[in-house]
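The data blocks that follow each hold one structure.
What follows is chain A paired twice: with chain B in the first complex and chain C in the second.
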Partner chain A sequence: MTDAVADLPADTGASRKAGQFLYGASVVLLCAWVIVPLYFLLLNTLSSPEEVNSFPKSFLPHFDLGSLTFFANFQGILRALWNSVLVAAMTMVMSIVIGAPAGYALSRFEFRGKEAFRLLILLTRAFPLPLLALPLAVLFIRTGLDDTAFGLALVHTTLAIPFAVLITFSLFSGIPIELEEAAWTLGCTRFTAFTKVVLPLILPGITASAIFAFVISWNEVFAAAVLTIENRTLPAFLLQTLGEAPLHLKFAGGFILVVPALIFIFAVRKYLFAMWGIANR
Partner chain B sequence: MAEIQIKNIAKNFGSYQALHDINLTIADQEFMVLLGASGCGKSTLLRIIAGLETATTGEVWIGGRRVDHLSPKDRGISMVFQNYAVFPHLTVFENIGFGLRMQKLPDDEVTRRVERTAGLMHIDQLLKRYSGELSGGQRQRVAVARALAMEPDVILMDEPLSNLDALLRLEMRAELKGVLADSKTTAIYVTHDQVEAMSLADRISVMHQGRIVQAATPIEVYRNPAAEFVAGFIGNPPMNFLPATPSGDGKWQVAGQVLDGPTSRSAPLQFAVRPEDIRPADSGLTATAKVVEPLGAHLLVTCEVEGTMFRAVLDSDLTVHVGDQLTLAPQPDRIRWFDPETTLAVA
Partner chain C sequence: MTRMTHFAGAVSGLALLVSTAAVQADVLFWSTQARPVEEAQAMRQDVLSGFDETVDYQPNEDGPWLTRLQAELQAGSGSIEVLGALHGNFSAIDPESLVDLDDLGVSASSETFNTLARLGTDNMQYIPWMQATYIMAANKEALPYLPDGADINALTYDQLIEWAANVHEGTGSPKFGFPAGPKGLKHRFFQGYLYPSYTDGVVRTFASPEAVTAWEKFGELWEHTNPSSTNFSFMQEQLLSGDAWIVFDHTSRLAQAFNERPDDFVAFPAPAGPTGRGFMPVLAGLAVPATAPDMDAAKALVSYMLAPETQLKTLQATSFFPVVDVELPDDLPASVQASGAAIAAMSGAPDANPGLLPSGLGDKGGDFNRVYVDTFERIILARQPIERVLEDQKRRLSAIMEETGAPCWAPDAPSEGACPVE
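Let's turn to the complex of A and B:
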């Protein structure tokens, strides 16, 4: 793909060095942009309340676990954590069950309005949730879905589906159609060819896409705050209870929220690149 | 017993017609090669027979049964793909046994058949490997073994050797021919390589722009091309053509020479002869040598006859220099005539 670059006549040494420096500097800057705030978050989480409010700061944490222990014993936090996991798990399952067939159809079949359909999927993300919140709340109250994990999972699923469709579309497109055709000639129906050949091959990617849906739900706070009262998820719970809390507890709360997302991004970075590949097309 | 009958098959992709009214009968256990240039519709026809593509009109019969409404798995066929399509998540053993497991055969029967076909294709050492651990040639063997293990009535192959290097292709070609002859399956083999076609086929169907131009034995296709296209496509180098004008009584004027030809025609024809059916002689066509290529076994001389390119494969003992005037005589019984209007052969 990019091999052609190597064929270009060689640059002069000086300008190449300058280019390399610029490249290196940009990388360092970008990394710092992401890492420095995260580091301060960690630092403040592991500091005592006095240290959080003091200045100047030391650059090494003192491993004061006071704030974290406080959270571990906080009333309702375990319930909120459980709700978060429950909603995220339902979101994960539903977005894959609905999104993967759509991704398969997009990659394998020609149909009228295919491009428009792809665009529409992305456009669902352009609709601001605050605009939908009130009608949704009314609808949920009428149908009895308000303040339930399932109701919230439905909303989160609509948020996660565009990604599920696009990621699985890219996964399915990466599987040569000949593999399926070979399976058909060897005695498979469309369905058994899918379960015996395609599914095993895309399972790692499906897993990644599922975890992605999980994290989208995990991080979502607006719908969670509007549509639930008793059954709050962790972000909504923290938002509610930490509004008036001291600074050191806010830091600790933020840290608790960020860590799962970070672990996830690290685990699935390969598939994220694949997804961006589509977005550029 | 699996005779294949293709009746009035046509295929449209949108407004583009890829196949025009194809009729072809392939006898039981026959090895039929579909030969033609890229884009002429070979794969489309093969995929229609396999059931991977639906014909716009027409019927496909296999073994006396109409199959065009059946899905691929119910047609008694198996197929070898150009890019092998070996399942990457299964071992070689499970790949070869895949179709047998789908038929729910008992384990010992699966093992017996897998081992037998793996032995035929000389891959018995590789049964535990995954396709990522195989060379292209080995993958090809797995793909063929997988198709053979099904013991199908019909085996369909779409350019199965085209991804292999030249030497391996030669080796696999001979091996395929032997294995398929022993298996007594009817075979349809798609290729654009005429040497492959000539060496493998019982019969060749030459395709051109979505039509079958000629279906005959390799030697017939070579000796008696049914149309100018076939004459210019088969043979390397292909046939020479020169315009011929009638001078009455079955005599034809070709580049200043008078030759015997068809008696039934009075309009101008195309004279054609293979480069290897030309000898230097005392009287014949006057040619000027333009390019001389010693090929070891032969001497390939590209000449000009009255402004038309004309190739001759001559004895390598001859010495010919560029610019030499040659007198070349076509072997009378190897001369063919074509009607320039219809491009078809004239007897």
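Let's turn to the complex of A and C:
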């Protein structure tokens, strides 16, 4: 018994050490999970075709810009990039403008069919796009929405809205209604209470759902390939032709697809971190 | 509040941009071919730049390609001027929705191709555009392992198996590569090479005793096949990386290997079995949908694509061969020279047994391919008894043939009515 008691401090020291090791290892693993594929993408993008096919790889690339130059001269790529940004931006704005009020209503008001509504909103994701694309394209051609960035953004917004609604719903639910009520008693209207008190609190959540919307739009290929012709988005323009391209061009093309998304997420990261309480604005 | 005004500004700015991006009347070339980036680029820069009007060349995967076309046909107005696709893509479309192209006065030099292009009607529904086929290629390091007395340009399946076994034994790893990946064209090997070479048929002989032998032989070859083959779709990649030394694939899916390292690889004909050296062409065609906005420009583009000079440029851009008579120059890319020689040896072989593309299946072409892929997966990957699998799959194949009423095509003997599975 006494022995066991004497051992205790040493034990906790050892287990704390083990815990720290586990913590550190998890951090390293998670970082590697994200960074290693990106690193190989970059490495192979900056390598000559021979190096891409050879193994083992050198740790530092040789800065062979052949693959990237190919894409720089690729007809229409800048326009496609611009269209992608445009569609993604519109998707972001529309899914927030429509999704956030829906999330607010779900968390603050009681109405009939609320539970059913919460479930139904997920159903927009239940139908595969290849199934919807044909009737959508027919409708778009007839209404003149065909081949416009706005038309495509509408489709992407539909895909992004469930996320926007559910994310903002849980955020609004996390903010006590008393805060709003206090603001009302201090002279705010329902609207100003929302903009002055609630909105700043949920801004990180809005950012998160905006990122979701951005990524959904950025990655979507099928609808983009069917609904746009001259105003193609980058994935519709590149992804289909990359599937069968030589390996070094696959890497370079993948790199080009990834970089704008990375830049965007990097730019909005401080709002995301704020949500988890890491940084204060 | 400032945030809100920013928002509003952004939205109105976007709206402005949307309204300005439009109005551009290029000839839209909607294609399932020449998809790889380099080929698409070459199509735009070298092949289509010579046409009088600006051509917007858009390569697509089969799904979006067909969906968009159907949408335009249903909506009754479209932007697609010219369609470029494989025979199989066109046979899945209602011939009524394609403009008859007889009055253009251009056609392939092969009457077989022109017949295929009528899609079972009396008129040309599409114009044959370019052709390719499947061949074998090997790393030169594999050549010393060739069995004694084997001629690489006249191999038999038994010699191929022995060769693959020798390489396996010599290097310690299986080096035969087969495009059995999700995007690989494995079904064409069974339909156009294995079955014709062993059974002199594709549909009639599907479950014959000879077919059992064919699958047994393929099973033997599989013993010496790189097990990662179920991930391989473009054998040029495995040739270049050294994961496979002896491979079978579509000529354009081998092209990169020859173009990058022409001295390291050889191309050679597909092997022969008891009933000859089976092989199958790939045929791509050009069509004009009924909804094309500028019919004259569309037809002019089709004629332009069939001109001998354009056909040569297309060959250089895509490694697909001309369908009209053209004098081939000497300065062709390495891949074209290598595969051209192999194709010539294959079609000129005394035991050549050329097959045709499946025809008359309409939109059941995919189901037809599925039968062969499933048979492969059950027999070779899941190691189920050959006879039982063939009996099972035979029923599905029969059902497809009866439903579509497709008559037999070579090398099967002609049939009256639907091709029977015997």
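Keep this in mind: the second predicted complex is superposed on the first by the 198 of 281 C-alpha atoms of A that agree within 3 Å, B and C clash if a C-alpha of one lies under 4 Å from a C-alpha of the other, contacts with A are read in each partner's own complex, and residues count from 1 in each chain.
What we mean here is this: contacts are C-beta pairs under 8 Å (C-beta built on N, C-alpha and C of every residue); 3 or more make two chains touch, one makes a residue touch a chain.
This one's a predicted model, so the numbers in the text were calculated from it and none came from an experiment.
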Combined model on chain A: chain C and chain B, fit or clash: fit
Which of chain B and chain C A:201 touches, first, second, both or neither: first
Touched partner set for A:86, first chain B, second chain C, both or neither: second
Touched partner set for A:183, first chain B, second chain C, both or neither: first
Partner, of chain C and chain B, that touches more residues belonging to chain A: C
Touching partner for A:55 - first (chain B), second (chain C), both, neither: second
Partner chain in contact with A:74 - chain B first, chain C second, else both or neither: second
Touching partner for A:112 - first (chain B), second (chain C), both, neither: neither
Nearest Cα pair across chain B and chain C, whole Å: 15
Doubly contacted chain A residues - partners chain C and chain B: none
In the complex, chain B residues that touch chain A: 50-52, 71-73, 77-79, 81, 83, 85, 87-89, 98-99, 102-103, 146, 150
Residues of chain A defined as touching chain B within the complex: 176, 178-179, 181-189, 192, 196-197, 200-201
Contact footprint of chain C on chain A as seen in their complex: 49-50, 53-55, 70, 73-75, 83, 86, 89-90, 93, 130, 133-134, 137-138, 141-142, 147-150, 195, 222, 225-226, 229-232, 236, 238, 240-247, 249, 253
Complex contacts: residues of chain C adjacent to chain A: 1, 4, 7, 10-11, 14-15, 17-18, 21-22, 24, 26, 28, 35-38, 40-41, 44-45, 56, 58-61, 63-64, 67-68, 70-72, 74-75, 77-80, 183, 234, 236-237, 240-241, 253, 256, 260
